[in-house]
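Okay, so subunit A shows up in both of these, paired with subunit B first and subunit C after.
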Partner chain A sequence: MNSTPHISAPRISPPAKSVGSCATYVFAVCRSDHPASPSDAHGHAGGGPLRLLTVGSLCAVVQDVPATEFSETALRERLGDAAELERCARAHHGVVTATTADGPAVPMPLATLYLGDERARAAIEENQESFRLALDRITGRAEWAVKVYLTQSATTARSVAPDIRQTPAPGPGTGPRPVSGRAYLDRLRSRQNLREQHRESAVAAAERVDRAVRELAVAMVPRRPHGPEVTGKDRTQIMNMAYLIAEDRNEELAATIGRLRASPDFDGIEIDVTGPWAPYSFTDGGDLAGHS
Partner chain B sequence: MSELDSWTTDSRSHPPATANLAEILERVLDKGIVIAGDIKIDLLDIELLTIRLRLFISSVETAKKAGIDWWETDPALSSRAAHDALYEENQRLRERIDALEGDDSPEPDSIRRAGGRRELRR
Partner chain C sequence: MQGTRNPVPWQGPEATAPIGVPLVDLLDRVLGTGVVISGDLVIAIADVPLVRLSLHALLASVSERVPAPWADSGPL
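Then we have the complex of A and B:
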């Protein structure tokens, strides 16, 4: 590789370490000409100010954090606590988002930690080729999350309506009406067919969304659909995808989603789009052959 | 969805900074480019944390009432536990679909595992 010795590189003066030692927390890696000044973000509570660590043609957005709070044991404990996990995740995400707003940056996973700047620098240097590739891949592009839901209203509306037609609800006080065997079987069959249709159409809808968005994307990553704890009780998430899309295609994406939503086939189907995200899902070795 | 409306009128108006926690977590916990850190958190553990958080969001009140506090007493994030959690999550998703459809027949894998291209394509 073309790794250059850094003996002559300007050293960032080490932060004042008054009490206890610090660890170097890495949020994101960008090109050294990145105009980064992630002033909108503060990083982790209890840590020092955000700063840039230059590593050859790359630079990292880092923060000094108290080693005791970010030790393996301490982290395990803290991240096991939901409130603390949320705080850490949002702090991390805030810095990453602020950095990518200024220019292309490769987000690092939560809790990427080194015992000091030299260790962080060495690790980045060792992987500089991957970082350069990743930066090339994500430059001028952003990640969009597209989720497709099947809603409860769709389920009930579609499966109930025909039943009402075939066997009208009994009037008050009349009790259950006797139903002929044939009518009963017909009703069962039609309900079965509706269910089948319903399922098929939900999957088909998700496929259509995926196909349409794929046309605009250079890469995509399927994610595990969220459970009802996240989606709410009245809808089922049937697709959760991340797409890497050129920034100048945002409007096409909006138009595409708008068209799909307006389509009568999407009655009872929700399409949820969020973005632009920092390209979290598209940093690793990734192939751009999302289309194939 | 109001968030969708705002998004369609201004394609950049949905700042992920305020996005829902599950979305943030699945991203910040993504392994991305793996550069070995000095302080290591096992990826499996982290994956499990996400699942636990999902459970946590809805069940903390109920669980507390029932005196269940697994998130405090079970820090041993074993892969076995991760497997179980995944299995449970799967089960719940299936039950959810059942409930939504008033179904009593087994589901095709396509919906249960939907999300991946392969599954959707069948």
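Then we have the complex of A and C:
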């Protein structure tokens, strides 16, 4: 049936059969006394079993993956597709998380690939020192994401008189104008002031959160704040931070966040905490706590 | 093993965000973290434009699927 072999076929989706050509995908690097490769994660679909690649006093959790599916072009295409990107990210994260559950591990970014074990080994060897430093830094610690939002409901609920919000927008030929231009401008101004006040109090709240969490953390990294396409239009992200926190302080963190949430001046402020994460944000440092 | 590994022990009070926040956090982390070593291919893949492209693709598809509930709410 399949009779016309296209020499110049531009498609890059041959079945994953391509004999023998595998790339080495690195998920994480840990100390060589790490118990074993994680048994409850499977890595990327279509790849081989997870295994440990020993490099001196370090070892890496790796997987053989079909080179055709992980070539630069193929990856560009796949990671540009939302569903596929999510699948890859979750597969990657699954292995990283399973690895850190067994002991400290430095997570690699998505799609850290080598043409073979030897190349991977050489790259890790070359950076042994920074891996050891990173492992020392993260041992016994985990990453927490703390985000602070100002909710839309707070903005509107606290607005003064409702009629202000009903003031028609200025513009050529707008309908009847029940009030004088001056009153209208006053309203505009006071609305503007209100907005600024809300923003300022939200920023102050975020600073309070940061100060409180910072006391528990050994390091922190500010992260790219999310826009409304992520947060939803009814809230604005004021702060997006990652903190590296000792594992035995999880309860303190929970208590601190609980206290802040209950505080009366946090009305209309949302604090969003996720974790513990594998220390993705701290493999190359982060600001040390207390040195703000 | 169970409790400590749950990636999201606390959720915000309302799940109004159009996409699961943990996924966004996850992508921020797996795509945007500092590269400790350079791979044979990762240099080409982890460069900023591609990461942006990927996130754009994700966010665009998400907002198509889930229209924002507040059509005309202004900025803050």
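We adopt the following convention: the second predicted complex is superposed on the first by the 229 of 292 C-alpha atoms of A that agree within 3 Å, B and C clash if a C-alpha of one lies under 4 Å from a C-alpha of the other, contacts with A are read in each partner's own complex, and residues count from 1 in each chain.
Basically, a contact is a pair of C-beta atoms (placed from the backbone, for glycine too) under 8 Å apart; a residue touches a chain by one contact, two chains touch by 3 or more.
Note that the structure is predicted; figures quoted are calculated from it, not measured.
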item	value
Partner chain in contact with A:R189 - subunit B first, subunit C second, else both or neither	neither
Which of subunit B and subunit C A:R259 touches, first, second, both or neither	neither
First (subunit B), second (subunit C), both or neither touched by A:Y114	both
Interface residues of subunit A shared between complexes with subunit B and subunit C	23, 70-72, 75-76, 79-82, 85-86, 89-90, 92-93, 97, 106-115, 119, 123-124, 126-127, 130-131, 134, 145, 150, 152, 155, 195, 198-199, 223-224, 226, 228-230, 236, 254, 257, 270-277, 280-281, 283-285
Subunit B partner contacts - residues on subunit A that touch it in the complex	23, 70-72, 75-77, 79-82, 85-86, 89-90, 92-94, 96-97, 106-115, 119, 123-124, 126-127, 130-131, 134, 145, 150, 152, 155, 159, 192, 195, 198-199, 202-203, 206-207, 210, 220, 222-230, 236, 238-241, 250-251, 253-254, 257-258, 261, 270-278, 280-281, 283-285
Contact set on subunit C toward subunit A in their complex	1, 4-5, 7-13, 16-19, 21-42, 44-46, 50, 53-54, 57-63, 68-70, 73, 76
Residues of subunit A touching subunit C in the complex	23, 26, 29, 70-72, 75-76, 79-83, 85-86, 89-90, 92-93, 97, 101, 106-115, 119-120, 123-124, 126-127, 130-131, 134, 145, 147, 149-150, 152, 155, 195, 198-199, 223-224, 226, 228-236, 247, 254, 257, 270-277, 280-281, 283-285
Touching residues (chain side subunit B, partner subunit A) in the complex	1, 3-4, 7-8, 11-12, 14-17, 19-41, 45-46, 49, 52-60, 71-72, 75, 77, 89, 92-93, 96-97, 100-103, 105, 107-108, 110-111, 114-117, 120-121
